[in-house]
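What follows is a structure written as structure tokens; I'll ask about it next.
Residue numbering begins at 1 within each chain, and the chains themselves are lettered A, B, C and D in the order written.
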Amino acid sequence: MSQLDDLLRDLVVANRILSNEDVVDAYGHISVRHPDNPKHFFMSRSLAPELVQRNDLIEFDQAGEPVKDQRQPYLERFIHAAIFEARPDVTAVVHAHAEDTLPFGLIKTPLQPVIHSGSFIGGKVPVWDIRKKFGDTNLLVTNMAQGRDLAKSLGKGSVALMRGHGFASAARSIIEVVRLSVYLPRNARVQMNAMRMGGKPKPLSKGEIAARTASYSKPHSHETWRAWEYWATRAGCADMIGKPHDHATKS
Amino acid sequence: MSQLDDLLRDLVVANRILSNEDVVDAYGHISVRHPDNPKHFFMSRSLAPELVQRNDLIEFDQAGEPVKDQRQPYLERFIHAAIFEARPDVTAVVHAHAEDTLPFGLIKTPLQPVIHSGSFIGGKVPVWDIRKKFGDTNLLVTNMAQGRDLAKSLGKGSVALMRGHGFASAARSIIEVVRLSVYLPRNARVQMNAMRMGGKPKPLSKGEIAARTASYSKPHSHETWRAWEYWATRAGCADMIGKPHDHATKS
Amino acid sequence: MSQLDDLLRDLVVANRILSNEDVVDAYGHISVRHPDNPKHFFMSRSLAPELVQRNDLIEFDQAGEPVKDQRQPYLERFIHAAIFEARPDVTAVVHAHAEDTLPFGLIKTPLQPVIHSGSFIGGKVPVWDIRKKFGDTNLLVTNMAQGRDLAKSLGKGSVALMRGHGFASAARSIIEVVRLSVYLPRNARVQMNAMRMGGKPKPLSKGEIAARTASYSKPHSHETWRAWEYWATRAGCADMIGKPHDHATKS
Amino acid sequence: MSQLDDLLRDLVVANRILSNEDVVDAYGHISVRHPDNPKHFFMSRSLAPELVQRNDLIEFDQAGEPVKDQRQPYLERFIHAAIFEARPDVTAVVHAHAEDTLPFGLIKTPLQPVIHSGSFIGGKVPVWDIRKKFGDTNLLVTNMAQGRDLAKSLGKGSVALMRGHGFASAARSIIEVVRLSVYLPRNARVQMNAMRMGGKPKPLSKGEIAARTASYSKPHSHETWRAWEYWATRAGCADMIGKPHDHATKS
């Protein structure tokens, strides 16, 4: 298969995993940058991620509009378009409402990495509040101006919380943005539980976060593949994941 | 199929979804107003919602009594009768005991919308205490006087908590009352978790709640249908939901 | 079938329900008094409740010893023997370690009914501490002296917590002791969640508890059967439950 | 079958149980000491525990390196090698990241036995912080020096928490290290929930912990086998567990 074929196959698998791991429900979406046309990206038509199949994937342009496709797109496709525009280093983007990330969008204490699998968050997570610049909205990111403001809050980081709504995460590969998005709510729960017992939980140090990033320099290491295979098996699509070497060529 | 056929089919699906999404267990019920006789409504006979089939549905009159049906009705059918009486704008009603809504019936801090999917709650949720007017009861709403007192507490809103018991929710369509009832416990959990970390969680503003209501002006939008299809699939009755246009005619 | 046949069939179903509803895991047990010989009772041999079948049931005498059966009994059968001895009004007993009841065995605030489905707890739940009378033990109730001390703590009530261990509950029928045991952890979670948000959660009044008990005067009412049918369906043994009238003769 | 055959079969079952009981996900591992060569041990190649089969098991030497096997081993195999080296009494070791143990690695209040099934923890659980001796790392135990430092923190105990990462547990048999690892997160949750309601939860006394250890002097008692059979059934591998007497010869 071509690299594009591999990526679209992985995008379907990623949809199923994110649903099965409770990161998304009927809402939330994942996209991947077009490997041959970096201004474009792929994402499902408006459909619950659990139900996404290969022919549900649509190509979008840099303005977040479908390229030759009349089917209903997700309202918030501009989150993806704006992050791909601002971040050439990013290949895959997730937007979701994972329940246990939401409390940190409502309070002053920042979400931050407290467990090793949460290191990919990168540090204290910014909270973007759409109300600050756009006043009273329906909280959805429905145009490029809003998407760009969110991307600005994300900055060079890998995740931004969205007050009263959810989060946007970004990484250099599909596997990595899935891993980040699966462990983000877990890190949030551990931090919440530690905080509630009193005292200030000990976060990962900057040096530790850097050491972890360095040790995962290849996106398709044995360790990362192990999780991909496990999550895909649980989501009922182990037959679709291919072999590690199909992915290795992409890193 | 006729509009009535569509509605009764949707009512069966709604029973299964509410059970599968943990809003109801053996107890709790959902009703829909009769489309041709607005003083009447339909609801299952006394049966766990997960087990409800088409022939379990009974027509009830405005006093909450079964019309030509000898089977055992739910004891608390008066919740539905009284809300349909007081609220001509309402087409569907849910009564349930979803666990994570219950703590807010016992304390002074009100449940309120803190996440966008919780906006349909509408604002601070009133707590109806049956003891205030009716003294020591078994807490069940077993006559029209109690039902009307609860409906008064609901007022023009979409949900009222019932102290030590559960909640009643109301909307202009089956899909919408299901969505409201599924996201109500999630909003409650997020608010609880934020409160426990200290400080006061930031609620949605009145303007945001209004903007969300305005942007969901059609009950069968693509976005709402996406959830209906997802929940029905999870509940094992995707084959029963029909097509969006069957529903669109009802809005 | 004879009443004994009905009861033993129900006891198998109850084992499966308690396991499926997370009241017991590999540990915990349920017993029923012998209908024709009130000094004896039936309970499974030492086996995880999920796996219990009809031929695993053993008859026990008033000292908690198996009658003509060489198979390994549960170590803690004396909980059942002692409660049956002390309480002629009791027909069925459960001992379990349901996780969310355990915190209330470790602190000073008592567990008490805060939701209507928790009314069957009856009031503030006593905490029995085996250490008080028996010093340092392995915490298990392994003889009649310990069982009788626990039964004394239970008194005329329907449930006693056991510090650092679990609870014992008692009722006049299998269905009722199952319902009590399923809703006990739910009541505990609601009380915990309300307490954590600050303030003192409003409990059910004595009058409300009495009114609820009065309104459930028949153990096999439509409302209770609805739950039994639902739980048995979820536990995969709906085919074993018989018809309501099989049970009604027992009340 | 030989004792080695039995042990390797049990090791496969243990992998599946630990996954199904949420102790491990894609990460975490369990090992068993070689019965004929106590300096060596067996553990799976780098693979999610849920997927482990007999031919995935690799023999490791005392330095934590695979013996005649080219397949990718777990990065953290040194946890196992170092504990087997320091503790001749230990036959089986688990390393995992069970979510609800993690908060206790971040705060000052120690995790300790508060429920009878948690007695096998042994007492206040030490927290090993890799940063103390090795500075900023990726938090993984990737060499014998780190493994030995962790083993030193474990001392003569049965479990050590690892700050921001997980835990290591050790016991004299596979069944016992599984039981310890399954009940550890439960004990943690009960302690957290009790602490959050205010006051200091009452822990098990030293005498109680000793009494429990004494009463479980045989690793394959009826009571322990009951749990093994139950967990294996839930994990879908009841057909693999053999009979109790296969195991009894090992104790």
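Quick notes on this one:
Simple rule for what comes next: a residue touches a chain if its C-beta (ideal position, glycine included) is under 8 Å from a C-beta of that chain, and two chains touch if they have at least 3 such contacts.
Computed from a predicted structure; not experimentally measured.
Of all the chains, the one whose CA centre sits at the greatest distance from that of subunit D is B. One simple way to say how far apart two chains are is to compare their mean CA positions; for subunit A and subunit B this gives 33 Å. Once the centre of each chain is set as its mean CA position, subunit A and subunit C turn out to be 46 Å apart.
Contact with two or more other chains is made by residues 196 of subunit A. The touch graph of the protein chains shown is a ring with every node of degree two.
Of all residues in subunit A, those touching subunit B in their complex are 25-27, 46-48, 50-51, 72, 75, 97, 99-100, 102-103, 106-109, 131, 135-140, 163-165, 192, 195-196.
Of all residues in subunit C, only 114-117, 119, 186, 189-190, 193-194, 196-199, 201-202, 204-208, 210-212, 214-215, 222-223, 226-227, 229-231, 233-234 touch subunit B in the complex they form.
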